[in-house]
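Read the structure below first, then the notes.
The first chain written gets the first letter, and so on, giving A, B, C and D; residue counts start at 1 in each chain.
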Amino acid sequence: MDAPQDPGFRERIEKSFGRQKAMALIGARLALVEPGRVEIALPFRDELTQQKGFVHGGIIGMIADSACGYAAYTLMPASASLVTVEYKINILAPARGSLTARGEVVRPGRTLTVTRGEVYAEGGAHVASMQQTLMMLADTPDTRE
Amino acid sequence: MDAPQDPGFRERIEKSFGRQKAMALIGARLALVEPGRVEIALPFRDELTQQKGFVHGGIIGMIADSACGYAAYTLMPASASLVTVEYKINILAPARGSLTARGEVVRPGRTLTVTRGEVYAEGGAHVASMQQTLMMLADTPDTRE
Amino acid sequence: MDAPQDPGFRERIEKSFGRQKAMALIGARLALVEPGRVEIALPFRDELTQQKGFVHGGIIGMIADSACGYAAYTLMPASASLVTVEYKINILAPARGSLTARGEVVRPGRTLTVTRGEVYAEGGAHVASMQQTLMMLADTPDTRE
Amino acid sequence: MDAPQDPGFRERIEKSFGRQKAMALIGARLALVEPGRVEIALPFRDELTQQKGFVHGGIIGMIADSACGYAAYTLMPASASLVTVEYKINILAPARGSLTARGEVVRPGRTLTVTRGEVYAEGGAHVASMQQTLMMLADTPDTRE
């Protein structure tokens, strides 16, 4: 994996994550931030479930999308921000209990970065696999306009 | 579009949606239920945003996933339930303000159904496009185990 | 749909298609070129089949990928070329006989364009649906280096 | 990885691959067949190229689709056959020269199997990443009807 261009990437990502109100809404937190690799932990809460009582597939997508995006963001310069271009997720098993999403950079690029994510349930069940494309916006602040 | 096998499909879907606590958490509501076609409305709330103040891409995925899934569910027998196999979503533009997700069946099937979804912002901006695969579980209740 | 920036887009696309030796290998030809919309026809040949005698899923992907890419290319300036970033395709039914792939622009963009494609068999069966992302390379020739 | 249910899986897959005329058309051959893992080699030929002289993105998709599908097929009973439900592929770099596609099972299932594929060029460049869903057809011959 390429070395991060911004030595302060951990603090930058923690601050960015802290501004994601949607992550606070669902109760997700950053569990690991390494170059090209980020994990997000989601403790189980009944309000995250779908009609059968499993964690909603869209919630699984949310934490995988964020873990993959921040994995890409670790490798970017401090002056850049990034947007999700698209992602594809397979739900492999019903999601019971607390979850962990692991995002990893497959190929970093100047404009586009491709990542992959896995979501696991407590106990180790493999719940979902994601493949995602992100676009870097050079010299664009990662804050509200 | 095929006619629904279950004439009570509207009530069935409203009840199922009502059991999706994750939809209540984000404040989404069913806006339209027709054979092969469902819309979900999501009023804007600041707690749905990501670090730049737009609605989080994962939240966009959540309402599109649910709209597409329920579009498929309109055509299924009352005794069946369904699971999301996978979906792919392109984020086309930053999502500002309230959103509407429209799901539509592309090809209904005995085991697998393929759907498409679009997400629009108030004012009409096209925010996202989804393509999704669902699997019907015959004779499986759509409720908690 | 936006008007084409290059009034000579039809001839430009016919020439580009003519340089795609892979299209000649499988016997595909351009059937329609309109702003934001391209069709490719693929006459049936036994050498396009998989082990069960249907047209190979990868071949279906090839013509859908090209139809979608050229649909995007109709809207680009003559000095640009483009690359496929990614695509997702659902195979909806076994592909028997000759095929037509229709590509259409969903959202044209300065850097990224999103398209959709459908593949139909003779007789009208809906064989596949694609969603694709392309990146424009400004001031880059669409020819061999 | 689960052990194969059919001890004769290698021979079964070689025969099935031999019936894929589309693989012969492009000159692809089976390079590795292990439980849950298959590689396909594609020697470079000028007739596989797109307008810029790189191997066509659809051809890359063809060999990745087949490698992933046969990876899934290694784990299935001899009486079953399988169909591609959908795949998503990111093209990571222009494909120059000969290619190898590696397919691997992520999650085998009774009905659905999820796989991943990577395509590399000679010299090691990572050319593409795929995520794919397949459906097993129980008691269905893998031959022409």
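We take it that a contact is a pair of C-beta atoms (placed from the backbone, for glycine too) under 8 Å apart; a residue touches a chain by one contact, two chains touch by 3 or more.
Nothing here was measured: the structure is a model prediction, and the numbers come from that model.
Set against the Cα centre of chain A, the chain with the most distant centre is C.
Taking the options A-B, A-C or B-D in turn, the interface that duplicates C-D in more than half of its contact pairs by residue number is A-B.
Distance between chain centres (mean CA atoms), chain A to chain B: 22 Å. Chain A and chain C have CA centres that are 32 Å apart.
Between chain B and chain C the centroid-to-centroid distance comes to 29 Å (mean Cα coordinates, whole Å).
Chain A has residues 85-86, 88, 90, 133 in contact with two or more other chains. Residues 85-86, 88, 111-112, 114, 133, 135 of chain C are the ones that touch chain A when the two sit in their complex. Considering their complex, residues 88, 90, 92-93, 106-107, 114, 116, 126, 129, 131, 133 of chain B touch chain C.
Across the complex, chain A meets chain B through its residues 16-17, 19-26, 46-53, 55-59, 61-63, 65-66, 81, 83-91, 94, 142-145.
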